[in-house]
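The letters A, B, C and D name the chains in turn, as written, and every chain counts its residues from 1.
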């Protein structure tokens, strides 16, 4: 199997990446890249732990960020205690304590929420999320109000004698914990509980008649996912050295959902892809365009309609074809899809940017720069080009997609034989 | 006494506004099993459309046109979107509406900008209707009550007296039955979804100038409408009505109550001192957490009775 | 699986090139990293500020910029989230931009004060200066003050003093209504504190916190206010929480003053409209009628230059003051080195657009500046946001009035 | 002692009484079939015994212990297992995983999240053996939802008996099958339920009279006859109410 070296290779890439962007002129690491990679690390944990609920147990939770946030707050307070000399805990074990705090809260809320399933469960978690977010703004002792709680991660208590002054050390700490947490979560899918979570997702009634209490399965799965979310929150606190109510508010829960779904809930590694992609969009594309939310929304809806198995699901579908060595025969059909897709994309991005520039950005005294050149939003030409490319692209893509679908069906049928 | 009476009236107005939004969502939710996250976004769209339309033809034509536009948008969403994800299950449908929220939000911002709109109560309704203990009751609130009552009556008649209404009623309680009776289920779904969006649009038209028309209005209304629907129960318009009024009343009355848990404990001989998280929690007066009460109530009722107040089946 | 990974790596590298690997090249401008929300629900403020800065920079650059170079703004979207702001900060320091500016939200402000302080301690060769133009929490120049932060806008306490001094003498009963989060709570706290000191004759007949952005129906608050017999509602509410409150009050025929802190924020006049006439006041840093009242035709012309192209008002004079002071400090320091500029800024005296004296206090890095308490009326030369109503100054809280004690114990860098 | 006892069990749905005082005694090792016309309450009876619905009044005893107030999973753990009329399996798990899941509880794994499944040799072997028994070895790694109908029914029976329950309830195991499939299924049922108490709802009279030791006839929620096949066949009430209409 090729996948045997895939995981070590991925970890190696993650270790090497900061050095690829080393700034030789100033002899320092690219801080933005490190931050983004660190962010990806914690988001990978968040998305994977969310998928323990959505993908593996079929639970649609809307309060996942609550446990992420509580892990963050706990870590900040613990770091402050260590910094003040009240608590001898090395930095490397902080995320574990954060995870335990997430676990504790998830046990408490899980006892309430997991009594129900499906929509009732979702609504209870919505309520929990609202309650916690408001409480975080209201009660200052623990949550610090809007300003949040700050800390200093240089607590001079490390197993390896590290100071964690530089972003690189923090990134490697995050990487280590991400790998560890991912490994543990993968391990969980191979245990009786993990398997019964899948089983109750598919058919909770059948699970009852083979001796399992679906509620208990849901509860344990919920509590454990809270544990991992807490670890993610702990890493958040260590990276940013400040935790505010944003770390447990609804938008982050929504993000967890987006990441897990876009990445693919049916494959264990799917949410990893989703977390990386969404973080890139959020931190990367948002520098280029303020309309990034539209792109996320459209991408999300497109995934729901056309690829409900997510990115990882699409990749997985290629598995049998690859095994039979026929992947090559898909290259041309894919290439034929690329051109109309690009047209569609170009037209869509063009229209969104033109529109948002007209109403929002116009008077900022900036020039709209699209695809490398300045564009005059009041001229007709860019609009015509965008609309034309959107419509033509869409029509052409329809034709090509039908053709591709035929080829795909034939190929999978052949492979199956 | 006067505070009570005024609060009752205000609670009623707000409750009816909630009901207008929630009734459409209940219909959609009960029949299609889709908790439409984008419902409040349609409400916002209704307000914006009404603002734009009313600038050209005045408020009263807008009262008709904007909801119809919203209904058409709803039909389009159902036909080209929801129907295509239907076979992927309820979670996929839910996620679809979830994605719509982002898109509608940004579309509104791109079309109308980010600032509040000057969408105002029409001059013909901008006068005090009557004076109660020295407080005006504005005519517009009376008008809102009137419109929502008319809508209630209209929906009721539609459901009880027409063929499609009967089918919808049957589908509310037994969604699988209707298809086996040979009715064109997709068309019923489209009708219901469009109808729900129409009601949301109507709520937007009369709610947009009662509150403010701004890009954040969907976010602020969305969760509470969910609470109403879930609290009222699946498949029950009556439950939805009762829940709307209860939530309206709670939110208006909670503000008036200045007591906290600590005040309750005091007669029992418990005095709280010090400045800790616990005292902080216990000394929060009800008025400060008034807006949270609906969520507390929803969680409580779902915990004990997952079908909601008057629901016919579990959510 | 592998093909997708490869594809992903490509995308990743391409994007990283785009955002991180901008050519360093010769710097012909002085860059300022500007962090504010440009997407999401709070984007309206960030967008407006960006436009205002565009207008202000025209003037500052026309006046010669600093060291013969022009200023250039590099905007970063923080989505009003501290974590995103800190990522943006990393991006700014990567590009060797020595200044980071932020104008919305005390949560982000607190994160930046802390983040900049730690960054400078850990990277002495790549320091940045945090120019605070809108994080108002009093703590930021008191308990949490920091050498690397300079605040160019009045904090909550200064605004509270201005607010109370501007209350007419015949107001004897006030009702405090504020949003239940850090900003609202500190307004509540500071208002009470200074009411007791400056106007012991005023009775606080109601003091309440309401959930932030959650209340849909304000009529019961109005009923409560009415029952209390208050003459004035003193509130730090803004945007929706203020607009709905005033609307509900007018609908109910409640006849009280609304002595607010932030009614003049962008979008406020549009949303409130005629409902605010004769009852609404606000504490402004500047409004288009100030130059008229003070007879400063230059300032009036400058304000009109903005009005000509925008539906909104020019009220961000402190932004202009900030950039002018920054330009002077850079010229004095002879470089854009954060430490040298910081030292040059300390105790700097300047005059603002209308010629009032302002000063950057050394002990806490708080700009001491005047405030204009204004009421919302038809009887003005320039209306606000084309509503037909505009702001008219009732009272000027001078720089001296607003020189308040601070508890700041600043740690200064060794050199 | 009887394996399963129903004493005057009643069930109301709203105002309508569906089960109207059913009393049954099933001896250990007995093969007991319940027959009756559509709507007689056969499946409801199963649902009451297995704990899917609560009973309105009466008593149900499993090996002498009351089970009528227990939730389904507890009843299952006491040694009663059931299949469903409409196939009820884990659609998105492989055939092998379905069977392994069905084995877990009885082998004491409970909610373990520490023991990795691939290391549980005895468990995996048991699942393989079961797979072999059901003749599904060739379909081992196919998702259960993709199996043919007959295969799904076989899998369902396999999952029902996997936990080693002493009392097995099968709800129309051959419904919708062709003759050859039925024969095959019945052979399978005989094989895997050897030595167990079997309670079965069935419409196919050939199957019933072939397999059963005892037959109970349920009409409108009441037992109108119960006894060995010969007796039941001779029973006049049964002939009138049920068999007569059929033949």
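Throughout what follows, contacts are C-beta pairs under 8 Å (C-beta built on N, C-alpha and C of every residue); 3 or more make two chains touch, one makes a residue touch a chain.
All figures in this text were calculated on a predicted structure; none of them were measured in a lab.
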Exercise. Could you tell me which chains make contact with chain B and chain C both?
Key: A
Quiz item: Most contacts: which chain pair?
Solution: A-C
Quiz item: Can you give the whole-Å distance between the Cα centres of chain C and chain D?
Solution: 72
Exercise. Could you grab the centroid distance between chain B and chain D? Build each centroid from C-alpha atoms only and quote it in angstrom.
Key: 47
Quiz item: If you average the CA atoms of chain A and of chain D, how far apart do the two points sit, in angstrom?
Solution: 44
Quiz prompt | Between chain B and chain A, distance of the C-alpha-averaged centres to the nearest whole Å | solution = 31
Quiz prompt | Contacts with two or more other chains, residues of chain A listed in rising order | solution = 134, 138, 291, 293, 360
Quiz prompt | Per-residue multi-chain contacts in chain D, two or more chains | solution = none
Self-check item: Residues of chain B touching at least two other chains
Solution: 109, 113-114, 288-289, 291-292
Quiz prompt | Pairs of chains, among all present, that meet the touch criterion | solution = A-B, A-C, A-D, B-C
Exercise. Report the residues of chain D in contact with chain A in the complex, numbered from low to high.
Key: 50, 52, 71-73, 76-77, 81-82, 84, 88-93, 97, 100-102, 104-106, 109-118, 159-160, 162-163
Practice problem: Enumerate the contact residues on chain A facing chain D in the complex. | Solution: 187-188, 190-196, 198-199, 201-203, 205-214, 216-217, 220, 224
Quiz item: In their shared complex, at which residues does chain A touch chain C?
Solution: 2-3, 6, 10, 13, 21, 23, 25-26, 28, 30-36, 39, 134, 137-138, 145-148, 150, 152, 165-167, 236, 240-242, 244-247, 251, 273, 276-277, 280, 282-288, 290-293, 311, 315, 318, 327, 360-361, 363-366
Self-check item: Partner chain A, residues of chain B touching it in the complex
Solution: 33, 35, 81, 84-85, 88, 90-92, 94-96, 98-103, 105-107, 109-114, 223, 226-227, 230, 275-277, 280-281, 284, 288-289, 291-292, 295-296, 298-299, 302-303, 306, 314-315
Quiz item: Which residues, counting only chain C, touch chain A once they are in their complex?
Solution: 1-5, 8-9, 11-12, 15-16, 18-21, 24, 38-40, 43, 47, 50-51, 54-55, 58, 76-77, 79-84, 86-87, 90-91, 93-94, 96, 105-107, 109-111, 114-115, 118, 122-123, 125-126, 137, 139, 180-183, 185, 211-212, 214, 309-310
